[in-house]
Every structure is written in structure tokens, then in C-alpha cells.
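What follows is chain A paired twice: with chain B in the first complex and chain C in the second.
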Partner chain A sequence: MIENRKLRATVTSYLFLAPFLLVFLLFLAWPVIYSFYLSLHKVCWSTDLYNVFSDMKLVWFQNYKQLFKDSHFWWSLIVTAYYALLTIPATIFLGLMLAILLNNKLPGVSLFRSAYFLPNVLDILVVGIIWTFIYSPHYGILQKIFNLLGIQTFAREGILANPRTALPGIAIAMVLRGAGFGMILFLASIQNIPKSVYEAAEIDGAGPWQKLLYVTIPLVKPIILFLVVMGTIASLNAFTEIYAMTQDGGPFAVHFMGEIQGATKLSGYYLFEKWSQMKYGYAAAISYVLLAITLVISIVNARLLRRKQ
Partner chain B sequence: MKNRKSKIVFLAVFLATVNFVSCGKPKEKAENGEKKIVVWETYGNEEHSEILKIARQFENKNPGVEVDIQRVPWGGHESKIMTAMITNTAPDIARVDVAFLPRLVKSNSVLELSRFGEINTEDFVPAAIESNIFAKDGEKGIYGLPDQTTGVALFYNKTLFAKYGIKSPPKTWKEFVATAKKLTVDKNGDGKPDQFGFAMHKDLWWTFPFFNTFGVRFLSDDGKKCLLASDAGYEALQLKVDLYQKYKVEAGAWQSGSIDPDTGFLNGVYAMIFSGPWNVKRFRDAELDFGISLIPAGPAGTSTNVGGTNMVIMRRAHYPEICFEFLKYLTSPEIQAQWCQDLGQIPVNLKAEKLMDFSDNKEIKIFLEQMKTAIPRPKVVSYQTLALTVNPYLYAALAGEMSVKKALDTVAKKIETEVLVER
Partner chain C sequence: MDVVIFRRKLRNGLIFFALVVGAVFMLFPFLWMLFVSLKKTGHGFLLDFAFAKPFFANFKAVWNNPSFPFSRFFLNSLIVATSGAFLTALFCSMGGYVFAKKDFYLKELVFWMMLATLMVPGMMYMVPQFAIVTKLGWINTYKGMIIPHVANVFGLFLLRQHMETIPNSLLDSAKIDGASEWQIFRTIIVPLSLPVITTVFLLTFLFQWTNFLWQLVVNTPDSAKLTLPVGLALFKGQYSTEWTKLMAASAFSIIPIAVLFIAAQRFFIEGLTAGAVKE
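This part shows the complex of A and B:
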């Protein structure tokens, strides 16, 4: 009798879970498994396009082998790491600073909260195009300001056509866009810190800096972890901003492993390029390597932050 | 009440899902028993209205046939067609970019057309029909018919030309450089020009006019060797580089983040650009006083690149004979004259020229003239791979990071090992 009731309860639970599980299996688990299968195959020139996935050639791990010899892939990883370093700490720092600032009772604080969050609502493509106009050589507002200051370094090629400044230029645009999101999360987290903790710190003689370093930051660490993980994933998948601001991953002025490389060709963009060339197997292999990298970074991040906590 | 509401929501979601799942599946026979062919086109608004008109005219001439015109976005049309092929929902006829056709032919996705009836290739703009002819198993076949052909010509700002006393557009590259120098002006006296004689794109397609006017052969006849690294090739690319680096008459519009040539031309800061028929209406609507002339002549005369689209019959088309008749009708002199007269475009059928009145569309006559000397793009299985291979080196040469010779020597080798053979 009891066993029957238990079984019924289990079946009922699974029935309730079924709609989600079905969607999960169909749209998440299956594509992940299938893309691994895809990464072991190759679309040939003569592959029947009416029957692409069953007419692909099984090449086993050839795509992975080729990938490790591919200078463009290695370069894309380096550039992605650089982009992550440029964007993640800056986004977190700016978000936290804005949150601390807007946690005070200042006049018009709600307006500022909305204003700083607003760019995050805009599509990356739109933000990218706006910044392209700002950075434009000859006619961009930034160059006009530089002209007034007598700075002529970017007068001819602008920010985005200079291999040294192209990626930092994109990063600035994306940091300013993304900081509002971090700010909202930090703000919610800071507002949840009990006042008594700060009062206790004050009794112990802590000043504003000590309270920030020893109370606020340790207590918002889960948000930092979340933003680091999300930032890493966003960097590995970054595509739209590159597409909007530097067309095809240029400027092409960097030499690496004997090949000419695009200064802003991030791994996400490189993956897109291969996919659009119908190299589905190769693109799937790239995505699997990126998945592995994301997992490793996420696990290391989580462990490091948990240990310190 | 709440229960009823949720039922309605469920029903709406269910119907939307059913609709989503079933959409795109072509039916062999129309509901009234007519033979139905499905055409996927990627035209703009005005062209879409025109093709609908033509489809109705064809139906009236062929009772019992229904032509179902379906519009798909140009951006991503290749992946949409490929997805449709995989899911067996591909149309009977598709309008495809000329660069996509080699892949479709290689993979047996489209039908050879001459088996359905005679096609007089001499009637068509040579470069346009040429992009449809492929040799398979030692035999040449026609795998599509061009529905639209484009190429670039030289657009110039008449107001700026008059202002600087230039009476006519340049006819040769030498004249072009001299004209561009006159039009590159530092207007505010800060030592840097704010008006440029010329603005250009860097990509391969936009570099073909340079290569073609210098008589550069891109591939050997057997398609196995890249001939780009030749004296003519070096000279052609050197000229393009010099316009920016040496003569400083080009705005650097090819660089990431710059004001693109069309926008700068529209705003009167670039005096000359290469552009095509697609921009004529846009510039006219902006009330820009502009003229169009042939691409400046090089050692091999004037020439241009070839863009445009072809109509193909998909391998699993239901009524390929009717599809063929429709394509013949679409590309006939009368229909081409009607199409180009209404839309101000270049007819793909040369016989249409006699039936057209060019008084309202004088520039079309220039484009038609230009297209007669146009050279089709090299036929490679993946034009995209070719462009992605070449473009970085064109950028490096233009940026002065690499000499023209080194750039073309490297690129020629890379094309032979990465583009012409399957990897």
C-alpha cells in the first residue's frame, strides 16, 4: 500500500516534470549531443544538400586535429582572452561603483538607476553602430574632441581600424553598455545586507573604505562570481559587437603563426565564419572546445571564490 | 473564468505551433486542382510587386498553372534554402546569389536546364549567363537563368565637379587620379582633408574592377591555378593602394569603423565612389545631383565586376517543365523590358534594350554599356571562402602592412591550397 502510494507520487512528480524535461531534451540536451556527433563529420563539396546530415563524411577526430593546427583558431582564443580581461573586471568594477553610488539617498537617484541601466536594454548591434559613429575618423565626435586637444594619433585610421585600439575600443563600448546590468544586481545585493553588519563594523572602528573592503565586497561575492561566469561565456560567444563595429573581424594587421590575423576576430566570430562556410563539422568542433574552456573557467572561478568565502 | 482563459491561451499556442510546423511546406497541387509551382524570391518591395504582376501574367497565358511567389529575406537566403532542402520544404524555383550557385551545382541540388528546352545564351548579358554555365563530367550545362545582373560603375557628385571646374568624369585611371586630387580638399584649414576625391571598399568583389581593367586573369582555364600574382595583378592592386597611401585621395572608407562610401557620397564628403543600380533611387530620393560613368579604363579598357542573382530549378521541383517555362518567360525580352522600365534596372536579356525607353532612366544605358565588358567572378565552389582568404591580404596591402607583391604572392598560394582544392 505504502509502496503503491510512493510509486504514484513518483509518477506524478515525473508527469509534472515531463513538459520541462521534454523541452530540455529536445532543445538543449539533444543539440549538445548531436553537435558532438556533428563535430566528428565533415560536409564535403559533393554532399547532398537535400540530405546534408546523413550524407556527411565521418572523419572521426580530424576536425579536432585540424583545429589544434589552425593558427586562426589559436589567435581567436588569445583575442577572446584579451577581450575577457578588458571587459569583465571593468564591467564588474563599474557596476559595483555605480551601485555603491546609487545606494545613497541622492536627489533623482531613481532616474540615474534607470539611465545607467538603459543602454543594457538596447540591442548590441544598435550600441555597436552608435559607437562606430562616435569613433569614426574624420567625422566622429571623438575625433572632433581629439582635434580640439591636438591629438592626431587616430586622425587617419580612427580607433577601430588601428589593430592596437580596435579591441579596447569595442570593449569600452560594451563595458559602458553592460555596467548597468551589474549595477542592478549589486544594488539588490547591497540593499539586502543588514544594517547591523555595518553598525557592528562601525563599532569596531571601520571607516567607509574598510566597510567597502571588508563588508560590502565579501557579501556581494556571489554576484561577482555570477558576473565573471556570465562575462566569460559572453566573451567566448561575442559576435554582434564585432560584426557591428569591425565588419569581418579586422583590422587585418597582426601576424601570428605565419598568418595574417584580424585584430578583433574573437572565437565566437570565428565559429560563425566557419558555420557560414558550411563547415558544420569544424564549427561544431570549435564549439565543443569552447564549451570545455567555459566549463573549466567556470569551475575554477567557483572554487576560487568559494574557498575565499 | 480563469480556466476558460487558460484554455483559450492553450488553443492559441497550439494553433500557432501547428501553423509554424506546417508553414513552408509546398503543395504539389493547388486547392482548385491547378498545377502549382512555388517560387522563393528575395526581392525588395517594388520588385516584389513586379514579380507578382509577372506571375499573374504567366498564369493567364498558361491556364491550369498557379505560380506561388513567396518572399524570403535576402540576408541569410542561402541558409534558409539549405534548411528547406534538409527538411524537404524547398521551393521549386529559388532566386540565389550568383556566388551560391557553384555549391548548388556541385552538390546536384539544382537541375540542368537545357534538357527542358532551348536557351540562346547569346541573348543574355555575357557575364550574367556565364555565371550559370558549369562543366560537369566533361559536359557544359546551364544550371540557372539570370534574373538580375549588377555591376558597379563610377558615381560622381556633379555639384562638386562643377565647384572645382571639372567638366567631365574621368575616362582613364590617370585622369581619375588627377580628378580625385582636385576634389580632395582641406576645407577648414586644419591641415587634413575633410572632403575626399574617392572612397572605396576593400573587399575582393570591389577590387575586381581594378583587376579587370588591368586584364588580370584570376584562374587558369582548368581552374587549378591562381594567376593573380602577375605583373598585371601587382599593377592593379598597387593602383588601389596608391589611391590611399601615395596620392591620399581616398578617404580610408575601406577601414573598420569608417564612414562607408555610400553614406559619405550621400553627404557630399566623398566626390566619387563605385556603386551599382541599387543606389540610383536612394541617391535620387536624397535629391543629390550625381552622374554615372564607366569605370576608368586601364590597359585592358573599362570593365567591372558582376553581381546579381540567378533563378534555379531545385532538384526536387514538382513540375520542372513548367518551372522552365516560367523562367524563360521571366527572362524574355518583353518581360525584361517591362521589369527594367518599371524598376530602372539592367535587363539580363540584351534584346530588351531595343524595347526600352531610356529617356527617364539614362543611367541604365550606362550600366548596360558597362555590363557588356564585365567579367564574371571566378567560379569556385565557395566564393565566401575565397573572399575570406583574400580580404585580409587586401586589407594588409591597403594598410601598408604588406607589400602588394607579397600580399598577392601569398594570396595566390593560399587560394591554390585552401580554395581550389577541397580540404
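This part shows the complex of A and C:
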């Protein structure tokens, strides 16, 4: 009787679940396996270009071997880490500062809250294009402000064509766009801290800085950790801002492993580049290595969280 | 005593000033975009008030541009975002319902599979999804842009979490009254979950509206189904010096989302931060 009822529930459940499950299996579950299959193959001269994905040549682990020796790939990982370093601490710092400022009873606080959060929902491509305009060499608005201050360092090439400043320039745009997200999380968490904790600290003679350092920051630590993980994944996924603000992975920067490397060629962009060159097998191999890196980061994060509890 | 009040006022004044400076910094790019989009052609870089005549000339020129018809891009974006959001909200509600209220075979397995895909970074799906869409012949179609993203695991979990709080007694009494499963879903589950369904709808709309990479990948440059971000990227390639027009084109993508955000802020903020609260 119970068996019968569960069987009937199963039929209804899968009927309800069918549309979701179908799309899920085809576009989210299967690609994880299929991507590995593709990474063992290669588009070669004999491949039928009208039927590429059914006519690739099996090369086993050749793509991975090649990837291991590919200076551009290693460089892309370094630049990705650099980008993470540029964006994550700044986003967290700015978000926390804004949250602390907003945690005061002042007129218009909710208006400021919305204003800071708004850039978060806007199109990264468009934000990137607007910043490209602001950063323009010679005549851009930022250069005009620099002129007033007597700064001519960036006048000739502009910020985005200079290998030293291109990635930091992109990072500034993305930090200003993304800080509002952390702000909302920090604000909710700070408002949950009981007043008595601060009062106790005050009795012990703590000033505003000490209260920040010894009361607020330890209590918002889980959010900091969460933002670090989100930021790392965002860096590994970063593509649109790079595409919008620099061409072909940016101005050439340095010699690394015997080749000239683009200053803003992050892993995500490198993956896209290989895709656009129709090196599908190689691109799939890059995806798999990036997946492995993401998993390691997630596991380390889970450990850290558990240790806290 | 006066000194204390004065110091507090000074402190609040300074904080207020800092907040204004912060808002100017963060919103400046968008205000600048609007300002420049209204200026005369060729005056994009000049710090003057030479506005275009008529006032919205740049917007009109971009909207009706023969080789980059932003009216068409706008329509495409609207179709993709609306139907994507509708299907996602529907499928996630149906799935969320059975995960919240039913006991069925292989439930655990399906659940863990879904959880596992949440760990996979979006970028890694580009190549295999492109391969699948190519094989299905969905390049340059709305289907190709919409369908691969309608199974939103996060949305399903969000809805399941909410639907678990709907009391079983409500469902049982409906069943006794002879309601079918679909009727229960339609008349009890959906109305009682409407705020969360709205959140999922709006977040998906936002995601589809601003999704650049995937729409770039499934469309060839000559596609009739180009959306705003992709159209804008191509437009920039051709008219990279016509900043007044480029900013007007950008405004077409930014303004609808900004308006939507201001109108439905609560849903956006709750939905976007829901992932963090779980931790």
C-alpha cells in the first residue's frame, strides 16, 4: 500500500519535474561529461567543418600535455590571480566602509543604500564601455582631471593601453560596480550585532578604530570569507569586462616563459580566444583545469568554514 | 553639553559628506553616460553644454540605425529576457514544489546532482553548451539563447525552501475536496509563493538581459536575433569614435534595468543576497 502510494507520488513528481530535469540533464549535467570527452579530441585538417563536433580526432591527453607546456595558459593563471588580488580586498574594504557609514541614523540612508547597490545590476559590458570612454587618452574626462592636478603620466597612451595600468584600470571599474553587494551583506550583519557588545567595548575604553578592529571585523568574518570565494570564482569567470575594455587581451606586457604576454589576458578570456579560433578540444581542456582549480578553492573554503564553527 | 551636541553634529555632517562623495564616485559613470548621450556629435570629449538638436537626436539615430538597428536589438533582448524569466520561474516553481512536498524515488540523487552543478563555474559550460546547441541547430535562434539557462538550480532551491513552509494541512484539505495535483499547484502553491516567484523571475530577467558571453557565442554577427549587449559590442567595433551615439546606445541597455531595479528593489536585493545568508 505504501509502496503503491510512493510509486504514484513518483509519477506525479517526475511529471512536474520533467521540464526542469530535461533541460538540466541536457545543458548542465551532460556538458560536464561531454566537456571531458571533447577535451580528449581535436579539430584537425580532416574535420568536416559543417559537422565539427561529430568529426573531431581522438588524441587522448595530448591537449592536457600541450596545456601544461603552454606559457600563455600559465600566464593567464598568473594574471587571473593578480586580478583577484586587485579586486577582492578593495571590494571588501569599500563595501565594509560604506556599510559602517550607512549604519548611522542619518537622513536619506536608504536612498544611499539603493544608489550604492544600483551599479551591481547593470550590464558589465556597458559599464566597461563607459569606463573606456572615461579612461580615453588625451581628451577623456579622467585625463582632464589629471591635467588639472598636473599628472601627465597617462596622457599619451591612456590607462587601458599601458600594460602596467590596464588591469588595475579594469579592476577599479569593477570594484566601484561591485562594492554595493558586499555593503548590503555587511550592513545586515552589522545591524545584527547587539548594541551591548559595543557598549561593553566602550566601557573597556575602546575607541572607534578599536571597535572596528576587535568587534565589527571578527563578527563579519563569515561574510568576508564568502566574498573572497565569490570574488575568486568571479575572477576565474572574468571575461566581459576584459572584452569590453581592452583588445585581444590587452597591451603586451612582459616576456614570460620565452613569449610576449597580454597584460589583461585572464584565463576566461584565453578560453574564449581558443574557442573563437575553433580549438574546441583545447578550450575544453582549459575548462577542465579551471574546474579543478575552482573545486580546490571550494573545498578549502568549506574546511575554513567548518573550522570556524 | 553643547560641545557634545556640536561634536555629534559635526560627526554626522562628515559622515553625510562621505556618503555623498561615495555616491558621486559610484554613480558618476552613469550620469556621465546620460550627459554625453545628449550632446552634439563630435562634442563627446568637450566639457561644454552643446546639446544635440533635437534633444534626443543621438537616441533616435541609434534606434533607427540601418546596419545596427537598436530597436531590433531592444526587442530581441526583451523577448529573450521575458520568455527566459517566465520559463525559469515556471519550471523552478514546479520542481521546487515536488522537492518541498513529495517523496519520490531517486530524490536524493537528483538533489545532489543539482547541488554539484552549482560548483561548476559558468565559463566552463561555454564550449560543451556551444557544441550541443550547434548539434541541435539552434545557432542564431531565440531557443538557443533561452533554453540552456532555464534550469536554474539556485532558483529551484530558493523556491523549495519557501514552499516547505506552506502547511501540509492546506494541501490535504484541498485533496479531500477533490483537487488535482495541478489544481493544488495552481491555486495554493503558486499564490502563496508569489513573492519568491517574482524574485526568481526578476533575477532571471536581469541575468538574461545582461548576459553577454552566451549571446555572443550562439549568434553569428549577421544574426537577426542579436541582443543589446552583443549589438552594442559590434556597434563599438564600427563607431568607436562616435561616443555620443555609443553612450546613447548604452543608455538603451542601462535605463530599463535601472528603472526595474528602483521599482522592485526589495526583490532584487533579497534574491541576490539569498546565497550568502545560507552560509
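Following the convention adopted for this analysis, the second predicted complex is superposed on the first by the 255 of 309 C-alpha atoms of A that agree within 3 Å, B and C clash if a C-alpha of one lies under 4 Å from a C-alpha of the other, contacts with A are read in each partner's own complex, and residues count from 1 in each chain.
Just so it is clear, contacts are C-beta pairs under 8 Å (C-beta built on N, C-alpha and C of every residue); 3 or more make two chains touch, one makes a residue touch a chain.
Predicted model only: the values in this text are computed from it and were never measured.
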{"item": "Simultaneous placement of chain C and chain B on chain A, clash or fit", "value": "clash"}
{"item": "Which of chain B and chain C A:P31 touches, first, second, both or neither", "value": "second"}
{"item": "Touching partner for A:F252 - first (chain B), second (chain C), both, neither", "value": "first"}
{"item": "Touched partner set for A:I260, first chain B, second chain C, both or neither", "value": "first"}
{"item": "Contacts of A:M278 with chain B and chain C, given as first, second, both or neither", "value": "first"}
{"item": "Partner chain(s) touched by A:V52 [first = chain B, second = chain C, both, neither]", "value": "both"}
{"item": "Touching partner for A:E157 - first (chain B), second (chain C), both, neither", "value": "first"}
{"item": "Which of chain B and chain C A:Y139 touches, first, second, both or neither", "value": "both"}
{"item": "Which superposed partner A:L122 touches (first chain B, second chain C, both, neither)", "value": "second"}
{"item": "More chain A residues in contact - chain B or chain C", "value": "C"}
{"item": "Which superposed partner A:S13 touches (first chain B, second chain C, both, neither)", "value": "second"}
{"item": "Shared chain A surface residues [contacts with chain B and with chain C]", "value": "52-53, 136, 139"}
{"item": "In the complex with chain C, residue positions of chain A that touch it", "value": "6-7, 9-10, 12-14, 16-17, 19-21, 23-24, 26-32, 34-35, 38, 52-54, 98, 101-102, 104, 106-108, 112, 114-127, 129-131, 133-134, 136, 139-141, 144, 173, 176-177, 179-181, 184-185, 188, 222-223, 226, 233, 236-237, 239-240, 243-244, 268, 271-272, 275, 280, 283-284, 287-288, 290-291, 294-295, 298, 305"}
{"item": "Chain B-touching residues of chain A, taken from the complex the two chains share", "value": "44-53, 132, 135-139, 147, 155-161, 166, 169, 245-248, 250-253, 260-262, 264, 273, 276-278"}
{"item": "Complex interface listing, chain C residues touching chain A", "value": "12, 15-16, 18-19, 22-23, 25-27, 29-30, 32-33, 36, 44-45, 47, 90-92, 94-95, 97-98, 102-105, 107, 110, 113-114, 117, 119-132, 134-135, 147-151, 153, 156, 181, 185, 206, 209-210, 212-213, 217, 228-229, 232-233, 236, 243, 246-247, 250, 253-254, 257-258, 261-262, 265, 268-269, 272-273, 276, 279"}
{"item": "Chain A contact footprint on chain B (complex, rising order)", "value": "79, 82, 85-86, 88, 90, 103-104, 106-109, 190, 192, 194, 251-252, 255-259, 269, 315-316, 381-382, 384-385, 388, 391-393, 395-396, 399, 401-402, 422"}
